[in-house]
């Protein structure tokens, strides 16, 4: 175990800017982890971790500045960052060249990890939706399927295409592929276009704002058929905003209060609820796990931990012990896909396992 | 009627007018002479509220108007025909004239007709954006606009500038006629001979100070005035 | 055919929103000479205020709209008095005011972000007219009808106000040169306040109506409108409200149709290439703008 | 010593971005000083940025080869754009330039082979602060020389009154074309500098955010003298760091307020040659007045002597 | 100097200018003899300034041709016309804001800079020398209009009459062959105006041709050799100033019936 004392972790957060709502979740999850680690000695006897936060405002240049400052600040032992893949790509080389461990927590681009300094606790998306698509295709047997794709987010687009492949294999016909952009707000046009093709299943795979907007527009325009989407629907705030419009729409993820029941999940949810009087979402869980991952690395070291040793330890980790997913394997600094939960909101604002209607 | 005491004005650190005092009696016509850069325009601008003086007072009918903002000075009954005309370019001639209805002073249809009588040229151009008028036409408009507010005191800064001789005559006839009707007038004019032939009292400004004042006869005899202004 | 008609209505409604927003933007530019980057924030705040009054005080929708409109107008007045008034008559040109408006954009945007917790909200679907009106062949959402009518009424009203009334003449006069206007006894301050209020109020109206219709009340709402509103104003020909309305609607229609028949990926690119081509072909906009200064 | 080094490495990123933003601001200033409000700098920067990324990343050429190439690429881009734009009038040009920015974004997103598309591109080489300083110094020297040449005089005349300038023999087209070309070259360099400072560029790097930064920086610093944009770019870059240190929760608001206060008190920017001119004029008049008084008193003295 | 008078330097042939419905210049022909001071007078709105704008290329003609030294100029751009040696002042003073008095005049010297922009950018020794020469020229011109001691001041801080003088100096900067003065003495008193008149004569004596728009008739009679009177954009009279003024049509249109031109 390492020497007792205070160790600092730098976090480049997204507390403001266009993705601030997710950014705040990550930040709060990380704070919960710090509190838990310090009170339970998870990083070693007498070891306390302190989070040093710099807000990037979702701006790559500001993130780079923040990471450079962390990198050159000898008191910082490790860093964590980044929801947007573009920002992650911009700060990773800085972490590597400054030789400071960086744990990426939100960005889903593949091949971000760099041995040994840059690791990622984000499972690459895809397999979960594929599982969900298989279930839906076999249980609902859709005939005509319309897809809403993201025109400026390749990751979401790839995920949608993976689903499309599965669904088409089951014999369903693709009647429409409608593209929207992340910054769009008016979806009456796309919704009209989608409904006009008369689909019995609509797949919405876009970033959060458009997803909610498209679903609302579809329902307002009278579409009553089946819709499936992604985990962007999971934060409680989304339900608060959209109400029962989104009830019954399935999505796949790894963590969800009300469904996740591992010991770590339960204690995380409770701590989060006590602190913020709200339920954590999957983003908060990731922020939490990033810090737990670092703590686990620190705990495995002796004496005064160095950045280099910590990085090596983390790179060689194969399992994150404290995680709300009920199991999180790591391989060469990259999280593997954990178990999949296929869930939906109910009309009264709870999340339940999805059942065929 | 209009009493200016110890008026001092500057542009930043540049002093343009230093301690000018003058009195314009009710119904009188006074004229201000001075060479380029003497501070004539600055004096008029400061009296009318177009420039904020740094010292001195301007009394109109016993009320101090030196702290009033421009539009309130106009509403109090003082109108200025400024140097550089300052017509409202995007507005038509007629709109420019009718804007005076905001002064709360009469400016009824009659005044409009009188202005058009005085300057038939403006009537011909009534629907033209005033920024497209010729220089002289704009000068007419600036004078017409001041008349539209039916002021009690009228300040004119080189009204004859840019006007053809016949129009200069018309303007001065109008000035005299207005004055006869009891209008109080203060005019800055470069055409000294013309100005001195109609006024009751005159001032000469030099480097921001009044250096000579007196009746037109006295001014005409003053050697300095003779040389510089009457030739 | 039905799809075409439905999309046409969608386009007109979307474009009306751009136009409604653009009217005030153009008004302030044409009269006060300010390129106001903060114009979008009025819309965001109006939508947020309207949403809050429904959410926390349960007021009926028309009251929420009124609150948003009033709020938009008042914020516009505050911005004008703090940000633009001190620059008047100080030879800073258009750029000085552009930067103070950017400063207000930053300030009001972050305040709005805090007020909404950086999230997007929506009017509860039963709080505003969210039904559809049956026109036989097609059905049209009530909100779309409300938006289109509001735009036509505001556009027409403001056009008449500016071109045909004395107040309108005073507004144009003050915008050209406040001192020149004051020489006729016009109180520039009041005219400026009125102009700012009108601009803020129409922006606010666009904000609340748009926020309700698209189920998106967020601090970023105005940002999306800003560029489109600006485009509508320019294409329409700065000082003509009619141009703004027509150009805004055309812009909306083109967006919807490009997305429908070409591709969304190229939607913005295509729309802006169209716009660029138009500008090169007709460099002074739809209605041109009258020259009033001589060479 | 170590503390000093730490300080340097902590703030070197801020300084680097200040330098990069100076280039952006100077590129915008180049056209602004001809009276054109244009955001096409963003376009030139995108051209230069991706060109540099390709040159360095794909062909492995060194930084100081990439910079000139990026400048040339930006210059070519600006020549094409100027050919279209110089037909337009000011406000329309501003909008057209915004349209160009959006078109560029769509183009970048849809030409993945050149730009990496939505994924963007990594740049394997980082420009040091020293290298950036040299680059900015060279560009500043160019602007300094321009300012003090006939071009500088002509462009100021064009900005204040294009018609009057043309009757003095100044060709509007010619001057504006040069302004655009300089803007293009400097914009291309700015893009390359940005690419080698961030080491990662994508469509988002060259979008409205940077347009905002550069116009705010330019006007804040003063758009009437070439030194203004450099000062403004540094102030505007440092603002977030400073406000973050002082008021972390309200940093954006604080940034807005500082911007507002500066503009209200110095509406023509931090560097304003006109204000200097006014002060100078005031001083000279005072001197002249004093001299005149001296002369007057001398005259009186002489007169007195004459009477004797 | 050689006597070149009588030789036409500038000519308008049937020039027409319409603004929408307004015909500001209507089928006007006039010619200016080399080395003379030519007066252009007429009532307000007669089209005098428009004529100057047409000559300098700021307006395109709606019809007719304009010739300078036999070269057609009505199809040229303003800067090209300036390049041929035509220079002007403006009726509503148009100085460049933010520039010092000296810089205004230096801008006027742009055409006579003697180096190209690139050499001037590089600061070659030749360019530096030429720059110095231009500065001297500018200072000299300021002396001629009596404003040399104000060279470093911002032009916009000068009074109206002072600004007019700067305009004249600026127009002379390009060493023109034809100088167009639009009401150069407006806002000047008698002695100031005759100073300008004397300057005009000096300029003419040094070979310049001058077209002068003026409402100050005594100046026109005193300093112009020939004169054109226009009204409603049309030619009303031409000849010597005296002949023009005595023309009864001119008397009615320009002076009003009641007054004789020699008064005051």
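Order of writing sets the chain letters: A, B, C, D and E. Residues in each chain are counted from 1.
Just so it is clear, a residue touches a chain if its C-beta (ideal position, glycine included) is under 8 Å from a C-beta of that chain, and two chains touch if they have at least 3 such contacts.
The structure displayed is predicted, hence computed values, not measured ones.
Trainee: Farthest chain from chain C, going by the mean of C-alpha atoms per chain?
Mentor: E
Trainee: Compared with chain D, which chain's mean CA position is the farthest off?
Mentor: B
Trainee: Averaged over CA atoms, how far is the centre of chain D from the centre of chain E? Could you give it in whole Å?
Mentor: Measuring from centre to centre gives 39 Å for this pair.
Trainee: Give, as an integer number of Å, the spacing between the C-alpha centres of chain C and chain A.
Mentor: 36
Trainee: Could you put a whole-Å number on the gap between the CA centroids of chain B and chain E?
Mentor: Distance between chain centres: 29 Å.
Trainee: So what's the Cα centroid distance for chain B and chain C, whole Å?
Mentor: One centre to the other, that is 43 Å.
Trainee: What positions in chain C touch 2 or more of the other chains?
Mentor: Residues 91, 110, 265, 268, 294-295.
Trainee: Multi-chain contacts only, two chains or more: what residues does chain A have there?
Mentor: Correct list: 16, 152.
Trainee: By residue number and range, which residues of chain B touch two or more other chains?
Mentor: As it turns out, chain B has residues touching two or more other chains at 14, 132.
Trainee: So in the complex, the part of chain B that touches chain D is made up of which residues?
Mentor: Listed in rising order, the residues are 12-15.
Trainee: Please output the residues of chain B touching chain C within their complex, sorted ascending.
Mentor: Residues of chain B touching chain C: 50, 69-71, 74-75, 79-80, 82, 86-91, 95-96, 98-105, 129-132, 145-146, 148-149.
Trainee: In the complex formed with chain C, which residues of chain A make contact?
Mentor: Spelled out, the residues of chain A in touch with chain C are 16, 18, 20-21, 23-24, 151-152, 178-181, 183, 185-190, 192-193, 196, 209, 212-213, 216-217, 220-222, 237, 241-243, 245.
Trainee: Spell out the part of chain C that touches chain B in their complex, as residue ranges.
Mentor: Residues 166, 169-170, 172-173, 175-177, 179-188, 290-294 of chain C touch chain B in their complex.
Trainee: How about chain D: which of its residues touch chain B in the complex?
Mentor: 278-279, 281-283, 285-286
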